[in-house]
Amino acid sequence: MSKVVTFGEILLRLSPPSHLRLTQATSFDLYYGCAEANVAASLAKFGIPVKFITAVPPNELGESSISMIRSFGVEPVVITQGKRLGIYYFEQGASERPGKVVYDREDSSFSLLRKGMIDWESIFKDADWFHWSGITPSLSLDLAELCEEALLVADKMGLTISADLNYRPTLWKYGKNANQVMPNLVKYCDLLLGGADETEKVLGIEYNENDTQEAIFASWMKTFPKLKNIVTTQRIQANASSNGISASFWDGKNMLQSRKYNVSHIIDRIGAGDAFMAGIIYGLLTYEEDYQTALEFAVAAACLKHSISGDINLATVKEVEALMHGFGGGRVSR
Amino acid sequence: MSKVVTFGEILLRLSPPSHLRLTQATSFDLYYGCAEANVAASLAKFGIPVKFITAVPPNELGESSISMIRSFGVEPVVITQGKRLGIYYFEQGASERPGKVVYDREDSSFSLLRKGMIDWESIFKDADWFHWSGITPSLSLDLAELCEEALLVADKMGLTISADLNYRPTLWKYGKNANQVMPNLVKYCDLLLGGADETEKVLGIEYNENDTQEAIFASWMKTFPKLKNIVTTQRIQANASSNGISASFWDGKNMLQSRKYNVSHIIDRIGAGDAFMAGIIYGLLTYEEDYQTALEFAVAAACLKHSISGDINLATVKEVEALMHGFGGGRVSR
Amino acid sequence: MSKVVTFGEILLRLSPPSHLRLTQATSFDLYYGCAEANVAASLAKFGIPVKFITAVPPNELGESSISMIRSFGVEPVVITQGKRLGIYYFEQGASERPGKVVYDREDSSFSLLRKGMIDWESIFKDADWFHWSGITPSLSLDLAELCEEALLVADKMGLTISADLNYRPTLWKYGKNANQVMPNLVKYCDLLLGGADETEKVLGIEYNENDTQEAIFASWMKTFPKLKNIVTTQRIQANASSNGISASFWDGKNMLQSRKYNVSHIIDRIGAGDAFMAGIIYGLLTYEEDYQTALEFAVAAACLKHSISGDINLATVKEVEALMHGFGGGRVSR
Amino acid sequence: MSKVVTFGEILLRLSPPSHLRLTQATSFDLYYGCAEANVAASLAKFGIPVKFITAVPPNELGESSISMIRSFGVEPVVITQGKRLGIYYFEQGASERPGKVVYDREDSSFSLLRKGMIDWESIFKDADWFHWSGITPSLSLDLAELCEEALLVADKMGLTISADLNYRPTLWKYGKNANQVMPNLVKYCDLLLGGADETEKVLGIEYNENDTQEAIFASWMKTFPKLKNIVTTQRIQANASSNGISASFWDGKNMLQSRKYNVSHIIDRIGAGDAFMAGIIYGLLTYEEDYQTALEFAVAAACLKHSISGDINLATVKEVEALMHGFGGGRVSR
Amino acid sequence: MSKVVTFGEILLRLSPPSHLRLTQATSFDLYYGCAEANVAASLAKFGIPVKFITAVPPNELGESSISMIRSFGVEPVVITQGKRLGIYYFEQGASERPGKVVYDREDSSFSLLRKGMIDWESIFKDADWFHWSGITPSLSLDLAELCEEALLVADKMGLTISADLNYRPTLWKYGKNANQVMPNLVKYCDLLLGGADETEKVLGIEYNENDTQEAIFASWMKTFPKLKNIVTTQRIQANASSNGISASFWDGKNMLQSRKYNVSHIIDRIGAGDAFMAGIIYGLLTYEEDYQTALEFAVAAACLKHSISGDINLATVKEVEALMHGFGGGRVSR
Amino acid sequence: MSKVVTFGEILLRLSPPSHLRLTQATSFDLYYGCAEANVAASLAKFGIPVKFITAVPPNELGESSISMIRSFGVEPVVITQGKRLGIYYFEQGASERPGKVVYDREDSSFSLLRKGMIDWESIFKDADWFHWSGITPSLSLDLAELCEEALLVADKMGLTISADLNYRPTLWKYGKNANQVMPNLVKYCDLLLGGADETEKVLGIEYNENDTQEAIFASWMKTFPKLKNIVTTQRIQANASSNGISASFWDGKNMLQSRKYNVSHIIDRIGAGDAFMAGIIYGLLTYEEDYQTALEFAVAAACLKHSISGDINLATVKEVEALMHGFGGGRVSR
């Protein structure tokens, strides 16, 4: 079976229980996760052997974040250094009140990583796939360079490479814009998760707002010749409790479109994109050239994530497949 | 006032709080209940004197299950024996993720019951109605025979007899199919709760998929001449959080149809069928030949159950009647 | 900046957690609030300096209620007397099960207030606005007279005066009907929050059911010449979990109509009217003659309240304005 | 087996969880109980058939208090009337911080009872023992008269009568001192639980502080010739978390002394006196003239109560006997 | 570093929170653990590479128990089979109320294991130490034979073998007494944890109650010539909340005695013996022939376990060593 | 009445509930507090008008920390700046397991304060007392200079000045030792809370380990001539759950010694020193020259703090006085 490697930060998430606001909370529910960690855990839950590379501080919070990752059967490769685990406070939204993230992740142990600290050759040995996201190079120039170092090795060793562009403008604070950094990293990728609105801001490709999605993604492929597939998700955001979601898959020629799900009574929408990403990696590893099935698997995975507390998609392959085949939430499974 | 007797198992239900999945839980909310126990408790809440016959182990779990039953004013008749209370783990569904039941009920104290252990004559003295369900004879041949013993006595003593067919294929594991056992028990019944799809599998009656519901229920009555009324519920299962529900009543001539409720924001759908059963028993005891009103009461009761945590319908007659008369959840009662 | 004074009771609210019914609860969540206290806290959250006048007992419950008020930056003026803080038990509704309030507020410390106990001149010094509600005069004749005392002083000192009619028939138990008491108090008001159905029962004005809302509100203004503006809210009550809400503003000539919100997945609807009231006071203080904007602010505030646990609207001006401008709950704010 | 009747109020108890202070609480744990209700429930737990006579309001709080009583198998006889269930707030003490009770029980449904409302003849039929406490006559003159009414009937019908003097000075507020009321009620008693310091204040008997306990109790018996036995408990109050407890039994001739228990790590000391009272009633019903054993049973019961949350002693006869025979908490029972 | 293998069952533990009794619980805290699983997890926490061999059912409970084990970095080797995870209910004791275990572990997936199902050669490759306990052979004859199979292989492959006699009379129910089965297994052991009172009942060795502990342990060594060391713990059981603990180490010549700890304010005493066992294995692996230090490490580990909720000792080597060196709980570590 | 000003940081404290370890937590209880904030809140609870000067970030955590302070009636003076509220994780100790603090407070909003940002003249107007602690100058050179700025103004304006030396070696990380900074600040103080072991490390005064406490404190007064009184606390640290505490007061001539308390069953020992500090300030403001009474008040306050969750002493003057006069935790206050 293929072995996937993901690399990124793991954060402590603190959320008020029972839809309370941050200013009402007398306790916080505690989760650990972030983009690439979520992808790793979800893939492991799908039965894929996964390694997750990160850095945490030598304290109880660092230890707990790694225990969580290990509980899924993910193999962690950990640099223990620095002083703090990054935090994000998350207030669940409801109805017309949007969810809210307050970041407190600066100066984390992960943000202190730099080139030369990680033995990529040894990590990538026996691995088939490397996944990273745009969060990591947004955090520091050192991390952007470290990403490049990893990508060079992964590329040389012949791994399939995927990235989630994951553009968060507020994170790019070290003096570079995303589009000054990302193209140099994206060029190594076989698969991208991104949206048309990231074309210029992240990839530095000029485009016209009236261009079709097909045209835009074609321009991405032209700019990054190694790129084979592009996936993108659509969210029709009714309110904080109900959404419609669907996704598309561009293979360079055709734009495949997934089934659309109406997701009402949302439990937790954080990590839905990561659930999709894990789903598409699983799908491509499993269904190979059957892109439509891979896409349906990924969007069904993302749909199920909305019903699960925390950052990580706890759905199994069996559950995702049941939903793909039309068996949604309307019955009790006995 | 009429006294109802119900007979069946009572289980410990363990559920993660706050829509967590079973694999996330660090605590379980604890409820006690199961089909016939739920009917008994709901009837007592409606003000009907009820006896509940069961068996529990001589430990704290057995004691607690009986305390719960007693707290409703139900009179328990308990055989204390064996070693364990049956358990079911219940994971609440949400949106497109279905609810999930994991049974751990084998070798329970109840499953050790057999003929001769219960003094039916004394239990049925002063009683007017006996209710049982298809769960009990599914558990063992001994229990099927014990059901027959009870039914013979109840029939002889002139009680009205009702049953909920409650077909759960995974429970029939002792070598008999439901339709080898149930017809011999159903023949004593005056009232059945069941669905057309149980015609062959449970009742052993051949039918054609294109038959109308009227034709099917007419064939039931032909096979079981004592049968006077058949009730059935319809659930349009949008997802784990929203359903439409309605019900019908066949009196041998007419198929009465209830109002249809859209039940969104479901709190807990376990026990909705038992709430309906208690509602129809209450309705027939109260409104007698006014079957339409009895049916409306039962379906409103089932509707309210979806808004109540645990297995048991805690709605009062006044609350059910308010909903029947159109006063739903849209106001605050002060 | 303008200083607002509100006067009223503060109650202890006890609610079962997690949508449990009152008869299931093994714990109660604890909130403090009531009409005018909620208005005061919401205004303070909007950044308006506010005083809140009340009475509480000399015990821990009284102390806690005042701590809560103070935590918002409201300046409390407290008469410490009597023996008990009024209580209301609140059972959250869900789906077709309505929410339920059980009052236990008689003989509270607040209900013992009477004329002469409060130094209104000193309280109203530096203040621009006085707000009260129909709850207070419903509780006792002494409180009705105390309201009148306050209104005379406020009127003399030139404050803008607003009232929420807040008609709760079950509270008027001391031998007077609302329409025997309220007109004498309403005559001092510049702004009223009320509904057409309160015309006769609260204001003692005869009307014809077929009259337009414009005609009815015109009759109010005729009866109470000081009245400048009337606001009213519409609630389309789908069920306990989903509502539509909107509001109107009558300035004596035009009936302005607000945007309509579909509020699904309600967290807590108690205090939505108070959130609206605080919103309209903030709106008029801020947008002055721009009544439409004031109205939109108020109804957006009321909409957000439905997503917030407890009696008090914790939304900020920035959040209300975001919703007014169309940024609802469908995104995560990072 | 003997049937015991107890008569008294049942209160709602609200306590902050986890040793929080009342002013810190964001939730309250909820228990129901009070002196005579606690005695009734403990006796039922010991296997004694018990009736409990009380009054509650026609609302969910009243209903829940009766459900709790019923869950023990106690047969409630309930007058449903009035508007409120009495409340007490209880803050658990710890170390050098004493526990704290805040009463809010005035105007309760129970306090509205008066002579002629209860059919004592029918209640006492088949009963052997009547138990009451000094709480009830402290609440109103009507209740004192109702106690007398009950005692006259019980005495006439030949029941054994016991009382816990339970002197709480703050409750006697209706214009009579305890010693103007209690002697007229105590004169019907066979068994009293009280302390030497209640001699004058409750029983109106003059005494000298230097008198021995024997002399004092002899004077009680002289004043109340029907009295056969007096029990009293000693508490050496180290702090809120650790106590020493023991008890004595005066049979008119000898002062029997119990074993002394060191009770550390107290979970909840409310109801320890009621646990003792239930223990001595059980002891006398079971061990009859073996007063020493009855006393040891009662004090072991009281000791165990300190390890149990809530007002009610949940210890079984087997557990109390184990402690009596020296098997304390130092092992795990498997 | 040495690799340890442990083999045994893992159970679901359900405990009421906050010292509630089982009959009061409305929720259960959920832990996974049992003797050998606890030893494995504690050793992993000490930094020792560990494998844990067990069997669990193919459901969420089985999966969760393995996730827990994995979260410590233990490598699980799992047979997935059967239908249920064994359960034990644990009621925490307090003061004079003993803790209480209610077992519901029959017919578990683990109990279905038998010879030939496990590839011991492959498991023991690279391992230095094998640990088992007397729980496993008590459950079935098949499991006793499977133990023997494992021991034969471990012995042949030269592993150090340790056992905790862990005698629980209520578990030996399949027709053999412990002393008919255990000697045949104990004969392979290098290290035993046991007590003098197990001499006859478990090991089948006759002894005189007046014999010294030295004499008794000498007789064990005579009977089982492979045995090198015997450890035993002493518990002076004041009550459920306070204990004194110490331990001894017999090396065939000398009886080493540990420091004695007074353990007050016990949080959870389940697993203290397993913490000791893990401590002595760690101690012997680390301090080798310095038995006194190994013993002090083990008893300090057991002492710390009493302050930790759940079955598993979460103390680190650094924390255990701090306590060994006299730095107990009296300070805050910053 | 005198107005006290305190100045310092306020932190978010995150603690696992129910004595769980940090690595076990699935939720954190949330408190706000730190040295000078705790002193401010306790003084306000004692009825003293207090201002608290601090800096917090413009987010929900900053807002909540100030709401908490305001809920006590403290008047906050807040600089809103920077990006994060400092955090400390606190794991409650138990028995022989020490409590544990993990700091994550670097780069907090407070740590960005520097000279010139605060208008001390206006803050100290109407104030009589200024309190600070050694935590603040340990955080940065800017903060040390800001302290000096405040002290110069306070001294010039004639306020009484107190400091708690509060030496935490791990906090002094900016290149200066405490004794290079603190003497220059301590020289303005009238009252110090400190211990003999801080003589050299904090105050830079050489001393001999064999010197008496009197001699040491005399040397402090010689070095800092403005100093009038020195208080010090003694803690005999039995374990994490039980302590003995007492305190002394040196007035330059006599060493007054307080009563000694045995504090068992500790709920939370964080903030006991701050409770003492608030107690001694209250004591000196109230009892003036009666140093013994002031000292007894302070140590009784510190004793009570151990029974209260969170950083802040919630004891009232009445409660502290009751303990001073011998009424400890051994009774229930009704």
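Here the chain labels run A, B, C, D, E and F in written order, and each chain numbers its own residues starting at 1.
Rule of thumb we're sticking to: a contact is a pair of C-beta atoms (placed from the backbone, for glycine too) under 8 Å apart; a residue touches a chain by one contact, two chains touch by 3 or more.
Heads up on the chains, UniProt names are A, B, C, D, E, F = 2-dehydro-3-deoxygluconokinase.
These figures come from a predicted structure and were not determined experimentally.
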| item | value |
| --- | --- |
| Taking each chain's C-alpha mean as its centre, the one farthest from chain A | D |
| Type of chain A:chain F copy interface by residue overlap (half), same or different | same |
| For chain B paired with chain C, centre-to-centre distance based on mean C-alpha positions, whole Å | 45 |
| Chain B-chain F separation of Cα centroids, rounded to whole Å | 63 |
| Chain A, residues touching no fewer than two other chains | 17-18, 21, 23, 26, 67, 100, 265 |
| Interchain contacts (touch definition) - all pairs | A-B, A-C, A-E, A-F, B-C, B-D, B-E, C-D, C-F, D-E, D-F, E-F |
| Footprint of chain C on chain F - complex, ascending | 67-68, 70-73 |
| Interface residues, chain A side, partner chain C - complex | 18-21, 23-24, 93-101, 103, 168, 170, 235, 237-243, 265, 269-270 |
| Touching residues (chain side chain F, partner chain D) in the complex | 17-18, 261, 263-267, 303-304, 306-310, 314-315, 319, 322-323, 327-334 |
| Sites on chain E touched by chain B in the complex | 14, 17, 21-23, 25-30, 59-61, 63-64, 67, 83-84, 87, 89, 91, 100, 102, 104, 106-107 |
